[in-house]
Each structure stands twice: as C-alpha cells, then as structure tokens.
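Two complexes are shown next, each including subunit A; its partner changes from subunit B in the first to subunit C in the second.
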Partner chain A sequence: MARIELSEIAHSYVPRPGEESEYALKKINNVWEDGAACALLGPSGCGKTTLLNIVSGLLTPSRGRVLFDGRDVTTLRAEKRNIAQVFQFPVLYDTMSVYDNLAFPLRNRGINETRVRDRVLEIAEVLELTSFIGKRAAGLAADAKQKISLGRGLVRSDVAAILFDEPLTVIDPQLKWHLRRKLKEIHEKLKLTFIYVTHDQMEALTFADQVAVMYEGEIVQVGSPQDLFENPEHRFVGYFIGSPGMNFLECTIDGKVAHVDGADIRLDEKTAAKGLEAGGKLELGIRPMYLEVHGKPGENRVEAGVRMVEDLGSYKIVTLRLAGRTLKASLSDDQPVPEKRAWLHFPPKWTRLFADGWRIK
Partner chain B sequence: MEKWSNNKAWLLVLPVFVIVAFSAIIPLMTVINYSVQDILAPGQKVFVGTEWYREMLGDYRLHEALWRQFLFSGLVLLIEMPLGILIALAMPKKGWGVSVCLVTIALPLLIPWNTIGTIWFIFTRPDIGLLGAGMNNWLGIAFDHTANPLDAWITVMMMEVWHWTPLVALLAYAGLRAIPEAYYQAARIDGASAWSTFLFIQLPKMRGVLTIAFLLRFMDSFLIYAEPFVLTGGGPGNSTTFLSIYLVKIALLQFDLGPGGAFSLIYFVIVLLFSFIFYQALQRVGKGEKV
Partner chain C sequence: MSLRLESIGKKVGRETHIDAVSLEFEAGSRNVLLGRTLSGKTSLLRLMAGLDRPTCGRVMVNGQDVTGKSVRKRSIAMVYQQFINYPSLSVFDNIASPLKIAKIPKLEIYKRVRTTAEMLHLEGFLDRIPSELSGGQQQRVAIARALVKETDLLLLDEPLVNLDYKLREELRAELQDIFEARQAIVVYTTTEPTEALMLGGNVVVIDEGRVLQTGATPEVYHHPATTKVAEVFSDPPINFLTGRVYGGVARVGRNIEVPLHNHMKSLTEGNYTFGVRSNHLFVSRGSQQDIEIPATVELAEINGSETFIHANHGDIQLVVQEKGVRSVRIGVELTIYVSPSCFFVYDEEGALVASPSREATEAASDRRRHGPHRAE
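== the complex of A and B ==
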C-alpha cells in the first residue's frame, strides 16, 4: 500500500536541457492517494508514459522527487520498488507456461515454491486464468495475455501500486468492456493503487475516480470525471473531454456582457467582473449539451445560422455559425431543430470564461 | 467461368520453371546420369546400375572424410553460435559505435573465399607469417600447419571462425534489436537477473534468426571447399580432406565421373537430410515441446 507523491518532477531526454521545450515533463506536482483508482489522460506525446516510467523507476527524472508514503524513492531502481506495470502490448515470457509466467517475479525474489504455488493459483483464480494455467502463454488470445501481464504484478504480495500503460490497445472492442470491468472488480477486491494511462477519455472516465489530464508535459487538471466535464480548469480539458468538445469563442467583456464580434452574450456578474480583472486573451466556453438552441428570438438569445445536423440516434449534433465562428450543440432526439436560422441562449450557469487558456473562477 | 480456361496461368510459371531447370534440374539429372554409368571413353559408356553407389558407400576414405566433416561442422556450430551471440550482446545499441562495429565485423564477409585461404596461409606460415613466425620464433611453440595435422586443424578452425562468426553475430544483433523495449522494462520490474533476461527474453526472441544462422552455418561448413583447399590442400596427409575436397579429387583430378556422380548425390542427400532434421528440431525447441 502506498500513497504516491510527485514533487516538482521534470524530465528531459536531452542530456543538458536548456529551453522549456526540451522538457518532456515540465513541472509536475501530484498526489495519488493509497488505494485510489486514478487515470492519467492526455493525447499522444504529452508525457504520460514518461511520467509512468518515472513512477515505476524505469526512468530517473532530471529534477524533482518521487515519494512513496513519504519515503524518497527517486533513485531506487524499478525492481526495488513495490510497483508493477502493465504495458501497451502484452509482455510475456514466450517459452514459459502461464503458471511459470505468473511465478517468475516471485521466483526472482527467492520466495519458496509452496508459497509461490499458493499465490499463483490464488491470482489465477481472480483473473480467471485457471483453466489454461498449464498452457504456453504465447498461444493465448490478447486479452488473456494482458491478464497474465497484470497477474505478474498482482502475485507480488508487496505490490503497492499497479501502473497501466494503455493496456487495452490491442484488445477487441467487445472484450475491452469486459476487461475494464474486471480491472475495476480487482481494484475493489485488492484495494491497490491503480494508475491507468490512456488517451481514450471513455476508458479514463469509466475506470477512475480521479482523472489527471496531461497536456504538453504538464498536469492541467486533476478531478472527478464530473468535475472535468463541468468545470474544466484549462481550455485543453474542455476541448479534450467530451464529444464533441467544448465550444470556445474569443470575446471582450463590457460590464456583464461578453461581445463576440457583434453578438452579445450575458454572463453571470461575478464571472464577468473577474474576467475584466484578469485581462489577457479572453474566451467564452460552453459545452455543446448546455448550449440552448431555439427556433424563435427571445431574451438573451443571439441569432446564428444552422449549418449541419448529424443524427447520432439518441441525440443530434447541430453545427451552428455565430458571428463567423463555428459552434456545436447537442440536442436530445425529441427536440426540434430549427431550419437555417436559430437563436442561441448561453445559460450563465454553464458559460465559462477563460483567460489565456485558464478558467476564471 | 470454366475451370479449364485458368490453365493459361501456367504460362506465367514457365519462366521460373525454365530458370530452375537450367540452374538445378538439368545439372542434377546430368549427375544422376553419370552416376549410373561407367564412362570408359567419350562415346563409350556402360550402364552399371547402383554399382558406383555401393562402391562409394563402402569407400573407407569417404567414411573418414565424412566423420572429419561432421567433426568440423560440429566444432564450427559449437564455437560460432555462442561466440556470435556474445559479440551481438556486447555490441553498442545506439550512437556512432553501431556503424563502426557493424562495418568492422562485416569485413571478413566481404573478402573472396580463396583470398581468405591465402591470407591465412601467409599469416600462419612458420617462416614469414606473423602468427606462424611469432609462435615459433618468439613464443617458442612449434607450430606448422603444413606438417602437423593438429596445427592444420587449428588453423582451418581459426580461419573458419574468423570468416563466418560475423554472419552469426550480425543475424543475432538484428534479432536483439527487434526486441521491444517493454520486454526489458517488464523484466526489470519482475526482478529478473541479466541471465534470466537472456534466457527467457533474448534467446527466445532470437529463435528465428538463430535458426537461420544455424542452418546457414551447418550447410556452408559442410560444403566448405575453397578456403581449406587454398590453405592446406587437404593435408598434411589427408588430415583436412573434407568431403568436397575428396569429391573434387575423384571427379576432376582422377576424372572418375561415375563414382564422382554417385558421391555428389550421396553428399547432397546428407546435407538435405541433416538440414531438414535440424530445422524440424529447432522449430520444436522454440515451441517448448520436447524434441
């Protein structure tokens, strides 16, 4: 069991990094509580895997410290940390049986064979691998192989955290769901810290209680899935989470009204006042599902053109044109979509203001 | 679409068939033709059936050459396979050292085979060769590959290992480079020692290339001719007379085409048979089944 704390972590693959752009990780401060199911979400190349390798000890960070339960493990080698890692592609010892694969980490640590046997059989049971425990691992399907990779971590009774590096990449879609549920089940049963790296928001949001969103080597927000959806701290979070992502409109503030090239949008007073204070490049952000689309003009509505309607079965995505900018709105299936002209209402409760990319609170 | 109209496709195979015919089938048929006849003079030949086969199979000099050949190929595989793997493991993984190592190691493979024989002949000559003279004059160890069978064997083995270990090393290196980094990372997390990593990751992952290396080295060493012919000419005595050298003696020097033909076919069958057996065995080893 361990609480994993990252303090001022920065990493560069360049031997003597100068500029900020040479850092794969810029400055990371984060805490993963003991026994939590956490996800690390971000686009390819944002530094997720680098961060994961620093936690597992495969990489030593250029700067900063890694603490497990307050103990500094920054320079401790991977095999000395009580951490296991599941990789993107199943990593197996091809010549060994499933049993020997699972027993390998224990045998390497000199644990006696009866204890190994108990432990391996116990974990095989949990992972539903018992039926082919004597078979060669190489011949199994991708999902079974990935379970074996996970099993090699679980067998170690001292393991405090398991790191997953996009573990479902090679799994068939219908099995993905099954395996993800299995992971949750194991997490609840064993109460280990799970850190799950992915670029798939669906995976992250369904798996984790706490999601950290990474962008260009930084963690831009840590929060519950709901938090990330409703209160994105950074425009990237708004854009990356949700499908389609948040709408952004560049604006100027005048009193409690935001001007978007001639269109006036009313904000709630507090937000508007803080926006005036903050300065910088101001942007309005609203989720497609909160943007109201009406067929008639009314109070606090702005006129927009309807460009396209995509019917996705249970809901519709409407592409709108407002003051030369494209917006998306998602409407429930039974709601009528106005033709050509529509009047939009931005509910102040759901309209967010961003200054230089960061949300004004 | 009628089934017969597809037969035109056979025309596409024709060029390959013609090439293979000229390169393999016709020469092979010629040899088979010689092997069942006694050619007394041009235009004067007698059909003798399997007589040459019986004679060659009972020839004690052929038996000797065959055991010599097995000993040679066995030693070649025993030395070159582990040595090649060791070199591959020791080679750098990135940076400028990679190209330097690859080119340096590949050099012996670029030299014509009879030139290699000549190089080693001069290198080990007791009077002027660096190695030969060095052993005799400076170290005081009597070494003469032209007079002493053991010295001749040592020289031939050294030459062979120098010439062909690079091939094994290059193949093994290619196999090693193809192993994804995640395997090494997983091994570290699992607490595997360097030896376990080699045994359970590197060696199984290199299986494919090592099978090729093994078969190539077996076949080539079993067929070796040019280098020992230049270096020792099969001597001293018959101590380095390998199968091919003996075959050339019979077929070209004595011009016994019948026995030579029979010998060639026996030789061919042995190589084919052993390559097949090794290939099957290596495939099974890789799959973890008992051989």
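== the complex of A and C ==
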C-alpha cells in the first residue's frame, strides 16, 4: 500500500512537443493518500488512461515525477511497481477454475500453497464466489467473470494500489449496485489504495471519497462528491457532473442584478460584487434541481416558455426557454408543471457565477 | 406501415432464444425493448429485421407475410452497439452508401447526405475517415447512415452503450427530436430503466426470450405487472419484503404490522411480496401512516445531490434513496420509514394484485421537498 504522488507530470505522444495542444497531459499535480478510495472522472480523450498508464508504469511521462511513499518510481518498470489493474472486460483464464484463476497472481510470485489457499478463500468469500469456486470460469455469467477479474486484482496483499479502469461498463444496471457495494465493502475491509477511472459520474461519485475531474489533459478540480456538485470550480465540472448538467447563461452584471438578454436575475451581493471585479466572459450557473419553476409571476421571478416535460418516474425534467436560451429544471414528480408559460426563480444561494469558465469565489 | 409479429420463436440448437412473441407496431411509434443482457433483445431485433429467420411464427408487414423475405428487400435500417462503419470510406461515402446501393441520383445523394450530416453535427467531418473521429462521432456516422434512407423500420440496438455518459445524454436528446420528425417505426433496445423513461413511447419488457409486459412506458413503470418486470424496470433495484395477510392486517419482513388501507383494502388472506422503490423509502418519518423498518446500515453512497443508503433488515437488503447529502455511519442501527400506500403487492406467483395510486406515490415524493429534514 502506498501514498501516490504525481509531481508536475506532463506527457506528449509527439516526439518534440512544442505547443500546449500537443500535450495529452498538461501539468498534473496530485496526491492519492494511502488507503484512500479515489476516482478519476472525465470524458474520453481527456487523458485519464494516459495518466493511469503513467501510474502503473506502462508509460514514462515526458516530464515530471511519480512518487510512491516518497520514492521516485518514474522510470521503474510496471512489473516492479506492485500495482494491480482491473480492466473493463474480464481478464481471466476461461479453462481454469475460479480457484486457480484467483490463485494465479500469487502462484506466479512463488507464494506457498497454504498461504495461497488462505488468501484465495478469503477473497472468494468477500466476492461471494465460494459456491462455485471449483467451476470453470468459461460457463459463468458476465458479472461473475468480472468478479473473478476483481478478485485477481485484490488477491495480492502486497500491492501498492489497485487501478480500476471502467470495471463496471459491461455490467447490467441492477448488478452494478451489487458490485459497487462489494467494492466499497472490500475497500473498508482491506484498506488498499483504490484508484477508479471512469467516465460515469454516478460510479465515480458513489465509489470515491475524493474525485479528480479531468478535462483536456488537466485536473480541473479535486473534491468530495458534494463539493463537485454544489461548488464546481470550473464550468466543465458543472456540465459534466449532474444529469442533466448545470445550466449556464451568459450575462452582464449591473449592481446586484445579472442581465441575461432581456431577463434580470438577482444575485447575492457578494457574488455580484466579485463578478463586477472579475470581468472576462461572465456566465451564471444553476443546477436543474435548484431552479424553481412557478405557475405565477412573483418577486424575483422571470418569465420563460415551457418546451418539454419528461417524466422519469421519480422526477420530471422540464425544458424551458428563457431569453433565447434553453434551460433544464428537475422537479419532483408531485410538483405541478405549468403549461406553456412558467416563472423562474434563481435562489441566490444556489446561483453561481463563472468568469472565463472558472467560478468566482 | 404496420409491423406484426405473430407468435414468433427462435431456437438455436436446444436453446430457446425467443419464445412465442406476439407484438404489433404502428407507423410513427417509438418503442423501447427493455431487458437485461442476454434477455433476447438483440435476437428479437434480428428477427424483425429479417437478418435471422424465426423457427416458428410469422412476421407481417402491412398484413403481408414477409417471414422469409431477405433483409435487402425490406425497408429497414439498423444501428448496432459497436460503431460499425466502412473503415476505408470517408464519412460522406459512409453515409451515402445505402443511397448508392439504391441507385439514387448523385445530386439527390449529395443533398440528403448534407442534411443528415447536419442533423448529427457531422458536416465538418465529411472528408475524414472513421478512425479519425472520436467514438461519439463514429456512432453518429452509423446513425446518420441508418437515417439517410427514410426506411419504414428503424432498429437501434443499445446504440449509446459504448459512449461516454455525457455524450449519451446529448445524443439521446437529439435522437428524440429526430424520431419525432419521422414516420418510421422506431425500436430501441436498452438495459437501463432511466433511458427507457427518457425515450417515452411504448415499452416492451422482455426476459428470457419472453415478453413480460407491454404498454405506454410511464404506465408500465408505475404498474409493473410482475416482480420480474419491477426488477428489470427499477434502478436502484426495487426493494422486496415478503409478508402474510391474515386477521385484517399484513405482516411483512420481520413481523412488521401493516394496516390494510386504500389499494390494499381488499387483499385476501395469504402470502404476498411487497415491493417498494428506493425513492419511497426514507430515514425520517413523513406521516402518521408510515411504518417503521428497523435496519442496519451497510453502506452509504453519495452522488453529490443524493445519498443511497444500503441497509439490511434481517437478511433483506434495502436501498434508500434520499435527497441531499447525509452522513450515515456504517454499522449503525437505523429506522427506515415507508408509507404503505407506496407498496406494490404481488401474489405468490409474482403477479401484481395491487399497485399504489399515483396520488399516493406523489404524496410520498412531496415529502422530499417539504419534509422536516429537507437537506439544505
């Protein structure tokens, strides 16, 4: 187990990179504490797999250092780093039994059979694989195979960290709940450093205590799920986290009021004052769940058109038009949705302001 | 056009992939096939398309039997999970390919490819080859190819599953608008309840090669006819408590007494399964009618705006979906509150005998906004 530190990491796949755009990773400084459950969240092409390969040693970065417990491992080969990796698709030997699959990484390291047995049985128990431990992997269901894959990652007790690369992508929604629960239990029990890479916000946020959001080769924010949801540092975090993502409206500021084309939206004084100072391209941001939708005009409400209502069973998503922009609001399923016209209230407490993409604090 | 499947079946060796499925689709309808992996969704699409021949039953188009007719002679387009494109052809030629096969005049091809490409935001990439595009763009090309020829039947087999979460959200919204503007019968498969609800239209719930329930999507969601449908159509998983009705009350789980009001009034004595979705379980009392379920916390997951509390009542695993961020310690005892008016009641065969009224479930959700523990 280890504390993993990335110091000034940059990487380019181009031999002599010049411009910043030639870097897949721009400048990464990050620490994953020993025993933490962390996630790396971002869209395809943001550099998260590159970063993962740098941590595991499959790739040497163009610049910067990787430290395990303070020891520089930047140029250390992958097999010397003691990192276990679990991939998107089950990686196992179809013709071997579940037991032999789990035992494989240990036997490979010449560990004696008694210890192999103890550890394999322990991991099989945690993953609920015991009842078919003698069966061949080939005939098992997809989730059982992925559990074996997880088990192969978890079975070694000497690993510095376990890296999970989209491990639940191929799993059915209902089974995901079960496997996520297993992973969390295992983390509680074994206290290993878990680094979970995914594009799925739900998986990242529910799995990790600390989530790093990546965008175009940079980590734009590291925080708790609540932090990322309520206080996105960058508009990308607002957009990427939450479903639907945060609403953004370009605006200008005048006193305590944000002008969005024809509509005036009241801000809290502090935010408005900072917005005036900041300059640059100003945007107002609000989460769909915090946007209030009323059927009548009232104080600090702006009129909008109702375009579409989607009933998602336990809540509704309403698409609105305000001053030529599209906004989304999420309403609980009992809340009446006004027909055609609605009056929106932007609670100042939940209305954020961004200048050139970064949140004004 | 209209499409009718008359008790079609498909056997491969001794295995039954599709078992006596009868369905009817109207022109312009949007249909979601909802089911787990290997439930038979893809097999059924292939039978509809004519890519596979059913072992029994008939496929009728506008009243005509087309069962043996080749896929080439039918008006069908299909989009697959994997991004399937011609790797050496440009995006333009990829999209144009079905029109070229149909010998459409060049100018017309040019116009239609442009329009379709614009609809899918590909107009800037027409000269590129697929491998120069991102995954999301490659799938857009495959979708464009399926849309460019205005077919009567448009089949999409989990088209968004290999895309990023956010891309999925955007493309799904666009697809809805595109479907809206077409007269084709659209059939779309998914494993995800939320995706089915977003697409709306009609849903066909399928499991082990059989159709379990069909109907308007929200209608099926609010009245799942069997415990299996409730499972397939709930995310987080639906919570089940077994129980027994006798002496004018129900006893569920570990002997929790539930009075028989409202939709449960006419339950006769016997054994039942009581199902309740996670968004109707709470960790604080909402009304006098709530029953209490003692449980031990196993895990709390926070997704930023909600907390999913996994807790065990005896050996029954429950998931509570609460709004807001709540810190709950693992291992503590906790009381889960639920209004009996939110229970789906299933008999011993798993068939629905009573489902909650919409007013009752809405009233329960109402607590999330106005309840005493509103998280803010």
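What we mean here is this: the second predicted complex is superposed on the first by the 357 of 361 C-alpha atoms of A that agree within 3 Å, B and C clash if a C-alpha of one lies under 4 Å from a C-alpha of the other, contacts with A are read in each partner's own complex, and residues count from 1 in each chain.
Keep in mind that, in the parts below, contacts are C-beta pairs under 8 Å (C-beta built on N, C-alpha and C of every residue); 3 or more make two chains touch, one makes a residue touch a chain.
Keep in mind the model is a prediction, meaning the values are calculated, not measured.
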For this session: Have a look at subunit B and subunit C on subunit A after the superposition and call it: clash or fit.
Result: fit
For this session: Would you sort A:E299 into first (subunit B), second (subunit C), both or neither based on which partner it touches?
Result: neither
Exercise. So, does A:F89 touch the first partner subunit B, the second partner subunit C, both, or neither?
Worked result: first
For this session: With both structures superposed, pick whichever of subunit B and subunit C touches the larger number of subunit A residues.
Result: C
Exercise. So, A:E19: does it touch subunit B (first), subunit C (second), both, or neither?
Worked result: neither
Exercise. With the two structures laid over each other on chain A, which partner does A:A142 touch: subunit B (first), subunit C (second), both, or neither?
Worked result: second
For this session: In the overlay, answer first, second, both or neither for which of subunit B and subunit C A:M202 touches.
Result: second
Problem set entry | Partner chain(s) touched by A:E339 [first = subunit B, second = subunit C, both, neither] | neither
For this session: Report, please, how wide the angle is at the C-alpha centre of subunit A between subunit B and subunit C, in steps of 10 degrees.
Result: 70
Seminar exercise, completed: For subunit B relative to subunit C post-fit, closest CA-CA distance rounded to the angstrom comes to 9
Exercise. What residues on subunit C touch subunit A, complex-wise?
Worked result: 36-37, 134-136, 164-167, 169, 191-194, 197-198, 200, 218, 221-222, 231-232, 234-237, 277, 279, 298-299, 301-305, 308, 310, 319, 321, 325, 330, 361-363, 365-366, 368-369
Seminar exercise, completed: Note: in the complex, subunit A contacts subunit C through residues 43-45, 142, 172-174, 177, 180-181, 184-185, 188, 199-202, 205-207, 224-226, 228-230, 239-245, 287, 289, 310-315, 332-335
Seminar exercise, completed: Within their complex, subunit B touches subunit A through residues 180, 182-183, 185-186, 188-193, 196, 200-201, 204-205, 286-288
Exercise. For the complex, which residues does subunit A have touching subunit B?
Worked result: 53, 56, 58, 77-79, 83-85, 87-89, 91, 93-96, 104-105, 108-109, 136, 149, 152-153
